[in-house]
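One chain, chain A, appears in both complexes that follow, with chain B as partner in the first and chain C in the second.
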Partner chain A sequence: MPTNAAAVPVLLPLLGALGALFVRRPSAGRRALIALLLTGLTAQSLWLTARALEAPLVLSLGGWVVPYGIVLVVDPLSGIMLCLSAVSALATTLYGYAAEPAGGEHPLRAPLFLLLTAGVNLAFVTGDLFNLFVAFEVLLLASYGLMTLELERGSTRRALPYVTINLIGSALFLCAAAFTYSLFGTLNFAEMASRAPALSADLRLHVLAVLLVLVGALKAGLFPLYHWLPQSYPVMPAPLTAFFAGLLTKVGVYVLIRLVAGVLPAELHFLHTALAWAGGVTMVVGVLGALAQDRVQHILAYHIVSQVGYMVLALGLFTPYAITAAIFYVVHHILAKTTLLLVGGVVQAVFGSDRLADTGGLARSSQVLSLTFLLQALSLAGVPPLSGFWGKLMIIQEGVRQGETVLVVLALVASLLTLLSMLKIWLASFWGPPPLAHESGDLPSEAQVTQQSPSLTSQTQASHPAAPARKLVTLTHRTRGMIWVIAGLTAMSLGVGLGAGPLVSLADQAATRVLDHAATLEAVRALNRSPEPGKHP
Partner chain B sequence: MTNQLDTALLVVVLTSAAIYLCLSRELVRSLFGFLLLSNAANLVVLSVSGDPSGRRAASVGEQTSGYVDPLPQALILTAIVIGFSVAAYLTVLIYRTYVDAGDGAALTLEEPPVVTEGGLNKASDTNDLPEAHGTLDDAPQRPTAPSGMQS
Partner chain C sequence: MELQLAIVAGVLYAAGLYLMMRRQLVQLIIGLGLITNGTNVLIFTSGGLTRTNPPVIPEEMPETLEPFADPVPQALILTAIVIGFGVLAFSLVLAHRVHKASGSDDVRGAS
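Moving on, here comes the complex of A and B:
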């Protein structure tokens, strides 16, 4: 049904970004307004999803006749992605507020972050390929800004891999869009999907499909295009890393799902096989990379790569059930990954470093933090009844059904190795002994580490006789605030795991709608019949 | 669609030059490489509207045939604007990298910046404010600067 509400997820953060740019000084008031705006965005996204379940919400910007103007389409998949983006933007923003006083926040962080959210949301609601390119550029420019904004002096070079790879990706995308227009005569997803079956034996379509998938794979960090990701994400402040890690690679996954399942014809079997195998290799390579790291954020960054492999494997299996699994996995992953990287941020804040050797003893300091980390780590590894288990179960079921034994084994091995690398963090940072006292020189002043008197540490010393002075890590007021945000996200993640039934049926509806090209086309074409295209209720 | 071999050749030349420049170790050369690459991509978009010889530019008029397809030209405008802004960003980034390296600051690739509670604030006070890059982008980094500029 035509509605102007489809543009709100883009306009709201965009206006917020403009407003935040005018109020330069980051005060408590500005913070409260931004938090309010993101809460509103979450509520609106939920409402949009509920309405999109009935029929896709469509809007032709400027009221142009459909295949020529810019069309926004919110179907259940877009709705789910919008909700996840709003929730993760809200959570990481609140975490950032807890982590730093209002005066310590960089004045440009909030406007750029809102611009990034607007770009991400535009990528989710857009109904044509060129507008998707524009959305990518908006979110990329904002992310370049965020990545370099708070880099320490002398380390700008570290942003270069990210910028470089995305510049190449953009040029590739632009060429792909041009070829699409010359082949299909339209850039509208729904129109493209209706014309694609006639072209499915055309070699040009095959080349174009590979090009489009390459662009999506680059954004998603798929093997062999993932090297930029673990290098660049951990350079940012923790809340930004968490948002990037949770959402930005998933924009790539979303684009892959949208293009491969929603636009390109189902006959491109070579493409599906290639995607499945790329996913399989990505899972294993990513997790092996994680095992080799010795920093919390780096381990987690490699896990992003590994987890993207599962989603792409599911997409490559290419049945309605497998695409349902991919969508469910995206929901699970965004919540779990954001939480884990925020936990990594707490580790950084408490110890002043996220090197595993410099951390320890968190299990005794904060049971809540330990519990959330343990739950999310087990969820990522796929332990029932947590959310990751259901996603993996569905993918493996479908793999077995299709007789892809090697891929199923790869998925199981990667899952075990995930558990192993998570245990690495758990053993060092949570169960491990607190760092030695002489390392306190590089500890931040706010994270108070109290020196225990010998009588109190007798228990610690019994187990570590070589350590003369261990410290008990106590958490500050700010750290507690950060942990509350993490606990909230974990509760949602737990809800996804325990309420998997209804969520899978939601993902199933979303997958059905993506695959139902005719219904989307019908909804988009209906725009031409509405009496006054520019004035919808 | 008529043959546009000349455009295709130009795209090939531009792209190869761009790849050659991008592979250079010198950052300014790779900046020029990216400029060429985005121009090559724009040219691809332009070529999609077809061979313009013997056809009119799209305009409001009597005739309804013989036009060049105007949509790719609308797309290319957007792409040029985006390419320009990315080039501006890249120029600043590379300049900043040079300034940082020139001042003898460590260019280690191993040590990520330590983000701590309140640490960023301190870092921007101590590390980020020497006047070497004062002309670029540090005005918003200085907590006091915005208020001073506004009042």
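Moving on, here comes the complex of A and C:
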């Protein structure tokens, strides 16, 4: 049904970004307003999803006749993605508030972050290939800014791989848009989908499909196009890393689902096989990379690559059930991954480094943090009844049904290796002994590290002069605030795991709607018959 | 006319890719600029080329004269040029900062 509400998820953060630019200094008031705005965005996204379940919400910008103008389409899949984007934006923002006092925040972080959210949301609601390109550019420019803004002076270079690869990706995307227009004569997703079956034997469509999938795979960090991701994500401040890692690669996955399932014809079997295998290889390569790392954030960054593999494998299996699994997996992954990277941020804040050798003893100082990490790590590895288990189960079921034994084995092996690399973090940072006292030179002021009962220490040192003193890790109220946010996200993630039934049926509806090209086309074309919503305030 | 423009786009792509394989940051950025422009030419060609009528309806006429030029690719190119300009400006600033920080504009660099 036509409605102006479809534009709100884009407009709200955009206006927020402009407003934040006018209030130059980051103050407590500005922070509160932004948190309020993101809460409103979350509520509105939930409302949109509920309404999109009845019929897709469509809006023709400027009131142009479809397919000549730009349309925004909110179907259940877009709605789910909008909710996830709003929730993770809210959580990472609150975490950022807890981590730093208002005065310490970079004045441009909030506007750029809101602009990034606007770009991500535009990518989710757009019903038009060229507008998707514009959304990508908005979110990429904001992300370039965020990434380079808070790097230390010497390390600007570390943003280069991310910027370069995405610039190339944008050029490829534009190229794909040009070919699409010359082949289909339209850039509207619904119209493209209605014209695609007639072209399904055309070699040009195959080339175009490969190009479009390449663009999506580049954004998602799929094998062999993933090298930029673990290099550039961990260099940012933790809340930004968490948002980027949780959401931005999933924009790539969303685009893949939307284009492969929602636009391109179902007869492109070679493409689906290629995607499934790329996903399978990505799972294993990513997790092997994670095993080789010795820093918390780097291990987690490699896991993003590995987990994207599962979603793409599910998409490659290409049945309604498999696409349901992919959508459910996206929901699970965004919540779990954001939480884990935020935990990594706490580790960084407490120890001043996320190198595994420099950390330890967290299990004794914070039970809540340990519990959340353990739950999310097990969820990522796929232990029942946590959310990751259901996603993996559905994917493996579908793989077995289609007789893809090798891919199923790859998925199971990757799952086991994920558990192993998570154990690495757990054993070092949580169960491991606290770091040695003489390494305290680079500890930040906010992490208070106390000597373990001075009299005892002196006794120990007297009897064993060579043994250095161990420290007990205590948490400040800032770290406690950060842990509260993490606990909230974990509760949601647990909810996804325990309430998997209703969520799977929601994902199932979303998948059905994505695959139902005719209904979307009908909804979009209905715009031409109905009065323009823009003209009636 | 399509063939000539296709060749132009191809040459721009080739030159851009060659520059991107070089090790200097400035060459990388110029290469990206060339590729963007090559893509713009490609979009222009994608709509089919006509030299007859503009896609504008004159006052006294009920509709445009067939055949007329396709307005969509032109709108797309305008958008792409604006975005390309912004991105180019950003990359130049980034290159400048990298150069100031490390004193070299080699892509691998010392730091």
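We take it that the second predicted complex is superposed on the first by the 518 of 537 C-alpha atoms of A that agree within 3 Å, B and C clash if a C-alpha of one lies under 4 Å from a C-alpha of the other, contacts with A are read in each partner's own complex, and residues count from 1 in each chain.
One rule holds for everything that comes next: a residue touches a chain if its C-beta (ideal position, glycine included) is under 8 Å from a C-beta of that chain, and two chains touch if they have at least 3 such contacts.
Everything numeric here is computed off the predicted structure, so don't read it as measured data.
Applying the stated clash criterion after superposition on chain A shows that chain B and chain C collide.
In the superposed pair of complexes, A:Asp202 makes contact with neither chain B nor chain C.
When the two structures are aligned on the shared chain, A:Arg24 is found in touch with chain B, with no touch to chain C. When chain B and chain C are set side by side, the one touching more residues of chain A is B. In the superposition on chain A, contact is made by A:Tyr144 with both chain B and chain C. When the two complexes are overlaid on their common chain A, residue A:Ala171 makes contact with chain B and with chain C alike. Judged by the touch definition given at the top, the superposed model places A:Pro237 against chain B, while chain C stays out of reach.
In the superposed model, A:Leu160 lies in contact with both chain B and chain C. Applying the stated contact rule after C-alpha superposition, one finds that A:Glu267 touches neither chain B nor chain C. In the superposition on chain A, the residues of chain A touched by chain B in one structure and by chain C in the other are 68, 130, 133-134, 137, 141, 144-145, 148, 153-157, 159-160, 163-164, 167-168, 170-171, 174-175, 177-179, 181-182.
Chain C contributes residues 20, 25, 28, 32, 35-36, 39-40, 42-43, 45-48, 72-73, 76, 79-80, 83, 86-87, 90-91, 94, 97-98, 101-102, 107, 109, 111 to its touches with chain A in the complex.
Those residues of chain A lying in contact with chain B across their complex are 24-25, 68, 99-101, 103-104, 106-108, 130, 133-134, 137, 140-141, 144-145, 148, 150-160, 163-164, 167-168, 170-172, 174-175, 177-179, 181-182, 234-238, 295, 297, 345, 348-349, 352-353, 442, 444-447, 476, 478-479. Those residues of chain A lying in contact with chain C across their complex are 68, 130, 133-134, 137, 141, 144-145, 148, 153-157, 159-160, 163-164, 167-168, 170-171, 174-175, 177-179, 181-182, 187. Interface of chain B with chain A (complex): residues 1, 22, 27, 30, 34, 37-38, 40-42, 44-45, 47-48, 71-72, 75, 78-79, 82, 85-86, 89-90, 93, 96-97, 100-101, 103, 105-109, 111-121, 123-124, 127-128, 130, 140-141, 143, 146-147, 150.
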